[in-house]
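Both of the next two complexes hold chain A, though its partner changes from chain B to chain C.
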Partner chain A sequence: MSYLSRRIIMFGIVVLLAATANFAIPRMAPGDPIGAVLEELRARGASTGGAAEQEIVAAYRARFGLDQPVFTQYIRFLVNTLRFDLGYSISYYPQKVESALLRALPWTVGLLAISTVISFAFGSFFGALMAWPRTPAAVNRFVPFFMVLSAVPYYLLGLILVYLFAFVMRLLPLGGAYSSGTIPTLDIDFLLDVIRHGILPALSILLTSVGFWALGMRGTMVTVLGEDYLTLAEAKGLSDRRVFFGYAMRNALLPQVTSLAIALGTVASGSVLVEVVFAYPGVGWLLYNALRSSDYYMVQGVAFFLILTVAVSVLVVDLIYPLLDPRIER
Partner chain B sequence: MLATTMRRAKAVILYMLRTPKLLLGMALLASLLLLSAVGPLFVDIDDSRSISVPSNQPPSAKYPLGTTSGGRDMLAVLIVGTPQTLRMGLLAGIVGVTLGASLGLIAGYYGGRIDMVISTATDTMLTIPPLAILLVVAASVRTMSVDNMAIIIALLSWMFTARTIRAQVLSLREQPYVHMARLAGLRDIRIIFEEIMPNILPIAAASFVGATSGAVLAGIGLEVLGLGPQRTPTLGMTIYWAQLYSALIRGLWWWWLPPIIVLIVLFVGLFLVSAAMDEFVNPRLRRQG
Partner chain C sequence: MSQEIALQVNNLRVSYRAGEQAIPAVNDVSFSLYAGERLGIVGESGSGKTTLALALMRLHKPPAYILGGEAILGDGKDIMTLDREAMRQTRWSRLSLIPQGSMNSLNPVVKVKHQMADAIEAHERGWTRAHINKRISELLGRVGLPDSVAEMFPHELSGGMKQRVCIALAIVLEPSVIIADEPTSALDVVVQRVVMQTLNEVQQQLNAAMIIIGHDMGLMAQSADRLAVMYAGKMVEVSPIRSFFHDPQHPYSQLLISSLPSPEEQRELAGIPGSQPSLLELPSGCAFHPRCPVAEDRCKVDIPQLRFVRADRRVACHLVEEQPA
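On to the complex of A and B.
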């Protein structure tokens, strides 16, 4: 099997598995989604259990296709999923899961992608500096601090940051993506407001992920520094700056770029908890609210979407990689 | 045999003492064990249940870490919750690494079609974000316990170990002494256990620390989303309740800060130990910052 077709088949398997797991796991648990909502209503004393209610329940079962045989449900589920029709949200009934997802997505991508790229740039640069023999000692002293910080989950750091900067000092907003009451428009005031709200979540991601990139970069940089072409470049009398950026860093960056592509693919799943802490209206916040209101279709839809984004980005990396590094093609 | 084992053990201990990272990491982890072991002697751990103490009390002589809105003594919560988190991480680490190491051994040793199936499964599972599957499972399972959560996490986190061990076994399989053993007519099972296993133990140990840390991370993530054990006051669930009752904007910092600090100590401790073990396994990483 060629490299290319193997990768594409694997992508297909991942998507199929994800859809199947999404279908099977909730059905293996006792009860069904409608039953769960009903149970909750009953617990709140909002359900009467009368004949009228039975009828409504049956109607809802039919609406969501729960009255069909399991196999029919499965096939229908697969077809719908492949058409990116993720069903209706239970708690916001007439709304479709995918439209809620698409509305939340720009916030997640904006926040996470920007902070990931910034963190990648800083981390790779400092990691390269750490492996470089002529680096000032000060750098070698403070970068390890970030490496240790990378062991801390970003949302825990996020809570501490919110408390310090938003609650105690009142410098920045407590949460959300823009001030409540403002209407999203494309003017400079709104943009500034969005940036002000983005600083803390972005900072908590930055502080905890710079060390990760530095660690990876240091590793590849050490290998590159041992190469002959680097000795040659130095022997030719090229300036330090030129050797560092043009010869060493440029080559060491290649594997890092792969990780960056995958990290960008995991942006959506990585965002979940940071958005919960900051009440940021992205995919993670959507998921948190869906979990709290037992909105199963929404939870499944978000889970499937998370798997899909990672699978797509891994596929893209796999397809691009042979172009970057011809040795991969076997 | 015994003498060599003793000598090796001594060398390992000497190495550990020379590695400040490992010592510091171990000390951090030991402090958490101490908290959970000695704590119950000084604090009434029944106060970790809700409505057992007056609510919303700031730290005082009587309640050194204050109390929550649900009427729990925070110090007692930490003493009860910390070992639960450690238990979850260790259990998930043990199950995940055992599973991953077994699959890696089988795939690497037997090769061929078995290897293809296991490797494809490993590569496929690696691209699935565990959180996504965990969410669906956790949302479907009505009652979650610490052990259940550990097993579910372990079933989704064996892949890295499997991949590393497989690569190692692939090269070990071609070692002269393994060929000798095979020529001598030793059975596969003995070759695997007596000739190959001892050589992959250091790597398995290093993966174990990583797996434990990853499991705690995943578990805390689920708990902060409210999908953890409802009855046990674990560290993550404490943060979840604090979030749910807006402890942050009510200024009840003693509700959410202590569990975060315990978790940071745990994660940094595991990170340092795992970094030190990586250096032990891969000497090229030593002495570079």
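On to the complex of A and C.
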């Protein structure tokens, strides 16, 4: 079987397993969704129980297909999931989960994916420089700085940044993705507003993750610098620049790219707290609110979506990797 | 063999820094290398062979550093005093290297073709793309590889093929000196022989001088014109290959030869008693005296200099008499 088809089948299996878990776990939990809603209604005094209530429950069970055998439910669930029909949000009924997700997604991708990629590029380059023997000694003074920063949790740094730049100095907005009252359009003013709101959350992710990339790169770079092909590259009389980029960095980047795939996959879930700290309307914020309001379908939808992003980014990197490293067969 | 000098090394000293101490890995080494000749350098592990090879291309890495000496190329330039850019230009165009452990000497993620092309491009010969490609396939042909190898990645080649690529790579700019650092130690004996033949052929075609470093005396006997023996960072004997095997002069060389099996006579193989001294605490006088069966008192005090004992042989031993040719 070819490399490509193996990867795609693998991807299919991961998605199927994710969907199955997504189906199974809530059903294994005690209680049922209708009961939960009823519970809430009772608490508010909106339901009095009795035969009428039984009827309503039965109607709702039929409506959500809960009266069907489990296997039928499972197949129906899979079909819906594959059509990206993730059901209705409980808190925002009758809004669909997928439409809420799609609205949140651009913010998360825009903020987190971009800052992760910048952090990766900058950190890897800096890490490579730190290992390079002809780098000015001054560069290496940043090593402890990176180490400390990579140990600081990003949400903590986020809080500090908000306090300093937004609360004390009032240079930047406290939170949100754009000023309240503005209508999202595609003009320059709105774009600048979005960038102003994005600086602090992006910075908190950048500063805390750049050290991770730099230190990882420094490690692999040191190994690569000891390789025989580096001695030969230098013996060939290649320029420093050519040896650095074409031989040393080119090879040291390979394991970094694998880490990038994983990092990009977990970007959406991993930075829930950043979105919470900055009240940034992305997928993490959505998940946070869904959890707070016990919006099961939304939580389920977001969870499935996150697994999907991890699987997609791993698939993308798997497909790109043979181009970077010919030793991996296509 | 012409007497035109391709490389003249004088009093080269390379040390490794270890804390406060300096470990003399190459200690006052001088030799001449003539155009078209093959000089073998043998010695035990740690005797300074590879350090010498790397220092000649100024590829030694800290903590190694060059303490002094000169290495003068045929055009009169001293490698040891070149600035960085001039050194870069000199590498590969005048001096090339066939590295130890060629298994990992090629960049694993770059096609053979590009690894050969970048050596040419680095030296700004002003060749066109077509010219470079033609040169690459010509060189691959010369080392007995098909054209298709140019488009391959190193992991698609066998060990012998990789070594041939390294040989082709070493002659891409027609250098006057080729340094082969254990060029065949990673190969099995059959491949070793073929690769060595290829190497000798291309070296002869170029009339380049070649330094072959290794510890395989059989290989040296077949390939080298002259042999230099290193012991604890010093050269102790430099001789034409035939006279070296027939009539070794230095006691260490004599023990070395008697430790080799010979097809002509059945005898007990003799080892050399003791082991190489630590470079940190070299014995006084001749570094070999604690292991030397014929050492005298002066060997413990005076350091013997490498001197001519025949017209074409130099030995560093007090006990070897000079004989007029």
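To be clear about the criterion, the second predicted complex is superposed on the first by the 284 of 330 C-alpha atoms of A that agree within 3 Å, B and C clash if a C-alpha of one lies under 4 Å from a C-alpha of the other, contacts with A are read in each partner's own complex, and residues count from 1 in each chain.
In this section, a residue touches a chain if its C-beta (ideal position, glycine included) is under 8 Å from a C-beta of that chain, and two chains touch if they have at least 3 such contacts.
These numbers come from a predicted model, not from an experiment.
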Quiz item: After lining up the shared chain so the two structures overlap, which partner does A:Glu227 touch, if you call chain B first and chain C second: first, second, both or neither?
Solution: second
Quiz item: Comparing chain C with chain B, which touches more residues belonging to chain A?
Solution: B
Practice problem: Scan A:Leu203 for contacts with chain B and chain C and give back first, second, both or neither. | Solution: neither
Practice problem: Using the superposition on chain A described above, determine whether A:Leu105 touches chain B (first), chain C (second), both, or neither. | Solution: neither
Quiz prompt | Partner chain(s) touched by A:Gly237 [first = chain B, second = chain C, both, neither] | solution = second
Quiz item: Where does A:Ile118 make contact in the superposed view: on chain B (first), on chain C (second), on both, or on neither?
Solution: neither
Practice problem: Scan A:Ile13 for contacts with chain B and chain C and give back first, second, both or neither. | Solution: first
Quiz item: Should A:Tyr247 be classified as contacting the first partner (chain B), the second (chain C), both, or neither?
Solution: second
Quiz item: Can you list the residues of chain A that meet both chain B and chain C?
Solution: none
Exercise. Would you pull the chain C residues touching chain A in the complex into a rising list?
Key: 54, 57, 59, 61-62, 88-93, 96-97, 99-110, 118-119, 122-123, 153, 155, 166, 169
Quiz item: If you look only at chain A, which of its residues touch chain B in the complex?
Solution: 10, 13-14, 17-18, 21-22, 25-26, 28-30, 130-131, 140, 143-144, 148, 150-153, 155-156, 159-160, 162-163, 167, 174, 218-219, 222, 266, 269, 272-273, 276-277, 287-288, 291-292, 294, 296, 299-300, 302-304, 306-307, 310-311, 314
Quiz item: Which residues of chain B touch chain A in the complex?
Solution: 120, 123-124, 127-129, 131-133, 135-137, 139-142, 213, 217, 220-221, 224-227, 239, 243, 248-249, 251, 253, 256-257, 260, 263-264, 267-268, 270-272, 284-285, 288-289
Exercise. Using the touch definition up top, name the residues of chain A that touch chain C in the complex.
Key: 133, 227-229, 231-239, 242, 246-247, 250-251, 254, 324-327
